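Shared between the two complexes below is subunit A, which pairs with subunit B and subunit C, respectively.
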Partner chain A sequence: MNTKIEKEHSSNLLLSITKNQKFIAAVALFIIYLFFFVSSTAFRSTDTLTSIFDASYYIGFLAIGVTFVIITGGIDLSIGTVMMCTAIIGGVLYTNLGLPLWLALLSMIAVGALFGLINGVLVARFKLPAFIATLGTMMVARGLGSIVSDVQSITFPLRGSEDGWYKSIFRLENNFPMGIVVLLIFTILAAVILNKTKIGRYIFAIGSNREATRLSGVNVNKWETLAYVISGICAGVAGIAYAATYTTILPGEGAGFELDAIAGVVIGGTSLSGGVGTIFGTIIGVFIMSVLKVGLPYIDLQPHYQLFITGIVVIIAVYFDVRRRYKRG
Partner chain B sequence: MNDVILSMTNVSKAFGPVRALKNATLELKKGEVHALMGENGAGKSTLMKVLTGIYTKDTGSIVYDGKEVEFTSPKESQEAGISIVHQELNMMNHLTVAQNIFIGRESMKMKFFTNDAEINRKAKEYFKLLNLDVNPKEVVGNLTVGKQQMVEIIKAISMNAKVVVFDEPTTALTRRETEELFKIIEDLKNKDIAIVYITHRMEEIFKITDKVTVMRDGEYVGQLETKKTTKYEIISMMVGRVIYEDPKQESNVSSDAEVVLSVKELSAGRAVKGVSFELRKGEILGFAGLMGAGRTEVARLIFGADKKDSGEIYIKGKQTNINGPKDAVENGIGYLSEDRKQYGILLDMDVSNNTILPSLDNYIKNGLIEDKRIDDVSTRYIKDLNTKTPSTKQILRNLSGGNQQKVVIAKWLARDCDILIFDEPTKGIDVGAKSDIYSLMNELTKQGKSIIMISSDMTEVLRMSDRIAVMCEGRKTGELSIEDSTQEKILHYATLRKEGE
Partner chain C sequence: MFKVKKKMGLILVSSIVSLGLLAACGSEESDSSAEGGKMKIEVVAKGFQHDFWRAVKTGAENAAEEFDAEIQFVGPKNESAIAEQVEMINNAINKKPSAIALAALDTNASLDAIQKAMNNEIPIIGFDSGVPDAPEGSVLANASTDNYAAGELAAEGMFKGIEEKVASANGDVIRIGVVAQEVNSLSITARTEGFVDKMVELVEGKVGKGKVAVTGHAKLENDVKVKGAPVVIETRVPAQLTDAAGQTEAQTLLEKSDLIGIYGSNEFAAKAIINADNAISGGKIGPDKVIAVGFDSGALQLDAVKTERFYGSITQDPISIGYQAVKLAIEAAKGEEVADVDTGAKWYDASNIDSEEIAPLLYE
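Moving on to the complex of A and B:
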């Protein structure tokens, strides 16, 4: 009996560590930020902070979306090119077809949702491995973007032009980084959906044990599909953020963004084997990467060092996850 | 000349407090086919695992080929000439026949390149030896189960086996393949190889074995000469005369109680063939049979976990289409799987989330989950079922088997299921929790719920059931009222194979 109590005690401790990976990530974020802050006086400007935010918006939305998929135990590799594809389609609808901007932006979300639906059906209904199915749609989205744009770059309205209002969603006229507020609200919304609604609960259940969930009378195919739809919708929102931040969209870009997003998710403590994860952890993971990306040039390291260092961070984060799992038996 | 090749004497093995083997004994002679019989859990497999070095014995002696031995790994026992042909085939489906046979013992060229020509030639020789028609270059996945088994057998004897153990080899074979297997066994016997043959099929015993050793509860019961014994003598030795604790004397359910579930001619592939039965309100219907009889498959079909080929299901008199677990749950059927960890619970989620998983819809207000009410209802079931957990927030991984089982029961009760299928409800559960589960089941039927209880534990079947259905090889071979049920009768039906199959 004694050993049992001990076991429960130690597992409670483990549980609290599990829950605290996002805490560890937050501390890491703080330390990294502080490091740059101390090392470089130039880093201390508000412009730098704004660059960090700018770099976090689209990756942040992508990462939030893919967190849902990863918690089901799946993966979505298509989000990066889908994001670019939605931006291209939105731009074409606006410039070439003369759709009102607000409608073009909404269409971007719809296109993202459609890609998500296709991914979801392929994975949940037709049982394709998520890795392969979304690798396929990743290529399809990239190709589709080039086809639709005829391999021309697409330009969204500039600030100050008639339809320039959408830029203020992410940055006000006075340079206030409104996007951070939007991202924060979006984060809270996503966290509520994940933790407080039926779909969120089923997503955790599916990631914990898909078959046992199915045998509890839950329509797992439907809920698993919806996780991919959420990921697609987020890719659409990320497309809007990207367009608003960078204005010009180059077809053929976007590959690789999904890996940044997934790296953020993993750094934030979401387990690639499913069943465990938080939205706040994801956002912290994304910020760790943005701080590295923006900060490294300030200490005279070119941006490609970011890849090198992020890679190491990802390996460390996954190592922690694996060790935790191993200890749990 | 002493022709005893293997003698295991007074072998004991305990796992914690469970004594799996108590003075088990087996004596095997060269060129003899020796059946090892016993109910599920009698210790046959454990004894073979001790022999082949998967487990180490606590006490006793094993003398093989004139020497006292103690193998510490299957590799060691194989090298010494003891091989097992397992019930489930362990083959690498994408490799060829010869590559499978010689895995780990490949012929090499220049110590670096594999020499497939050489192993193909060697494999061919072995097949010729036993007059078998198998192409060594064929990919194993393309072979029938029967052929695959022959490959396993060749693999076994290619290690210069002197003893070959067959663990229920005919379970997956057709009649013709079985005949062929018997021929091979006959051949092996003529080559002076000793064979241990584990099976549940009586007629096979009389067809091919020379001797029978019967085990019960991990103990040696006796050795018989096949020619001088009968099916009934063997069965009575398997069952023994142990007085089991309080079997149920009479049914608690009157014969005119409402029929809540009626299954007609349920079939699916080779696993379930035309099974029909009725379940009454407040009844515990025991499903007895040997392993692989198709009972779990029947349960999964009723629950919609697998697709049936044909058959009808009536719930409370109304024909019901069940196309998935969702439909079954909506019709008030709950299923406790025999494999709790894989099919029953979410190990890394807490007690409350496991409890309300099927009934989550009832705890949502304005789109948000009402965690407080979920907590309340889980707390109530923890109390009702006497589940031992520090809190509703404990993850299931940290609960004992019995308490995990109670959470599964709570989950169906919270969903208001009144037809419950309990598949091996006390498997892997300690004695105390076992009797908790039993009284819980009795309590549930008193409240008007109906239970189908699949169990391989004869004591449990006789103690809990109001009526007993017995299955063998996918068929329902008998139905007994609790008043005329005896272990002998159940075992008779459980081994009643249909002729001509």
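Moving on to the complex of A and C:
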């Protein structure tokens, strides 16, 4: 009798903590923002808020995409350099080959999707460990960017120039941070795909138990591949956001951004062992990092403290994740 | 179990909050001190760890102390971290400082931020390479090396080593080689032109007007016909920005038997000369051989100067760059009229490389 109650209690507990992690992240975000708000008068400006948003766009898109992959139990290390590679290819198509800008931007998403497809096939079909396969494509993307651009930097059209309209996707002429609206719409879209569609259900199922999912007649290779394709598409979108925000793209860059994105995902409560995760948690995780990055200089701490503090936040987040799994087990 | 969790959360939250309050109190104090009239200057450099930027920071801090201002010196992790620097510039502007000193990695990427500074009426001072092609009226003045003058200094330095050979050349053609990394960047081109122009002037003083032909890259050539000219200055620019391509150009020059002097107008070019010379058995540069002169520092070049393979080199003055940048920023913030400042360049060779005056300006 007693044990039965305990069991029921612990299953309720499981439920409440799963919900909790996202909640904890949101509370943490609020507290961190409040902390800077109280500490520094200069922090309390809309300009600062815009800077926080600006710093969140590209990492946000990357993180949303890689959330899908991480929920399958995999990892995608290539997203950072793939993002830069798509931006370079888009820039070359526009500047050197004279493609219309809208087509160049769409091509960036296509290039991202292609990289995702390669990752997906390598992992799902050829059973390469995701860590190694995407490490490989990470290097390939980095090299490809340099090859395509002939190691020259690429400059996207400036604000106010003929083709400068794409910048307004993320920031209007009157400085309104349009990107946050775009990012939120994208977030909702991703959340719907993950929670309300077959794609999402199978991705969760693969992450929870790949073998059981396969045995129940699901084409796991297909859905697992799709998760990587989604990640690649998001990297392409992130490339557009990056180009719009920073204009100049250098070849051979981008390594390290994937870790920022993955850190955001983990802080947001998605389990690196797969089967558990939310898109909204991921976005909150990304914002936690952006607020830290933008906020710390206001209390006269150099940006490298951000790494230090983000690291601690990641460790705390993973600790919660491990506790959760331990209980589930 | 649940209780443990709850306690954990409670401890976590309360510790964060108390930490926040603690820091909040601390920073309020510093806020009030700022109201006491101390000027706040944000310095955004192109780097942070590199010795060159450390020296710039030292200069900036010296100026801050002298003029009783508060500075925040930031820089990205390397010279390709454009996004990181743009975020830093934005941050600097958001903090509403009295002025900003900026060495932009990429002007295009920074345009939005520069516009924001103008809207907020925050004066910007450029330093080091400054903000090339910045929108008019955004950058009030620059604290940077006068690269043309620095190039002239290199020519004067080298001329001391080749003067005798130039004077005693009886009929034989003599050649002076120049390796330039590129001819697009203003700073490097000015260093190259300064050298070539001054060298022509100095050599003409010995051999007569119209006797020095400048050949090689079209952008630097002069009208004097190479055929029949007793002195030829030959400039070479690699087709690609790779060490190998630079080395090839340097080696082509070094293998000419009439070469008496060679100049590399930045660290890249100096390195190319050293590497090319290493590839030639016996070596062509050194005392009583080809007189080599470089620019900037770097481990390889410092070693070459120390061992006298290089006759000497030119170094910029990063400490002065940092000092003048902050000084100009303070003046601009006060609304004073500001103008570009030449932060100077210095000649160094084996005799003074370790001196107190030169050593702090050099970096590996």
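Note that in this section the second predicted complex is superposed on the first by the 326 of 329 C-alpha atoms of A that agree within 3 Å, B and C clash if a C-alpha of one lies under 4 Å from a C-alpha of the other, contacts with A are read in each partner's own complex, and residues count from 1 in each chain.
Here is the rule we use: contacts are C-beta pairs under 8 Å (C-beta built on N, C-alpha and C of every residue); 3 or more make two chains touch, one makes a residue touch a chain.
For clarity, every value in this text was computed on a predicted model and none was experimentally measured.
In this superposed model built on subunit A, subunit B and subunit C occupy separate space and fit side by side. Measured by the number of subunit A residues touched, the leading partner among subunit B and subunit C is C.
In the superposition on chain A, no contact is made by A:I147 with either subunit B or subunit C.
Judged by the touch definition given at the top, the superposed model places A:V294 against subunit C, while subunit B stays out of reach.
Look at A:A205: by the touch rule set out above, it reaches subunit B but stays clear of subunit C.
Look at A:V181: by the touch rule set out above, it reaches neither subunit B nor subunit C.
In the superposition on chain A, A:F35 contacts subunit C only, with no contact to subunit B. When the two complexes are laid over each other on chain A, the CA centres of subunit B and subunit C sit 130 degrees apart as seen from the CA centre of subunit A, to the nearest 10. Touch criterion met: A:D54 reaches subunit C, while subunit B stays clear of it. By the document's definition of touching, of the two partners only subunit C reaches A:Y246; subunit B does not.
Once both structures are fitted on chain A, no C-alpha atom of subunit B lies closer than 17 Å to one of subunit C.
When both complexes are aligned on chain A by C-alpha atoms, no subunit A residue touches subunit B in the first and subunit C in the second.
The residues of subunit B lying in touch with subunit A in their complex are 303, 305, 324-326, 328-330, 335, 337, 342-349, 353, 357-358, 360-361, 364, 367-369, 371, 390, 394-395, 397-398, 400, 411, 415. Listed in rising order, the residues of subunit A touching subunit B in the complex are 4, 7-8, 11, 15, 192, 196-198, 201-202, 204-205, 208-209, 211-219, 275-276, 328-329. Those residues of subunit A that touch subunit C in the shared complex are 9-10, 13, 17, 24, 27-28, 31-32, 34-35, 38-43, 45, 47-48, 51, 54-55, 151, 153, 155, 158-159, 171, 175, 242, 245-248, 250, 252-253, 293-294, 297-300, 302-303, 316, 323, 327. Listing the residues of subunit C that touch subunit A in their complex gives 1-2, 5, 9, 12-13, 16-17, 19-21, 23-24, 27, 30-31, 72, 74, 80-84, 86-88, 90-96, 106, 108-109, 111-112, 116, 241.
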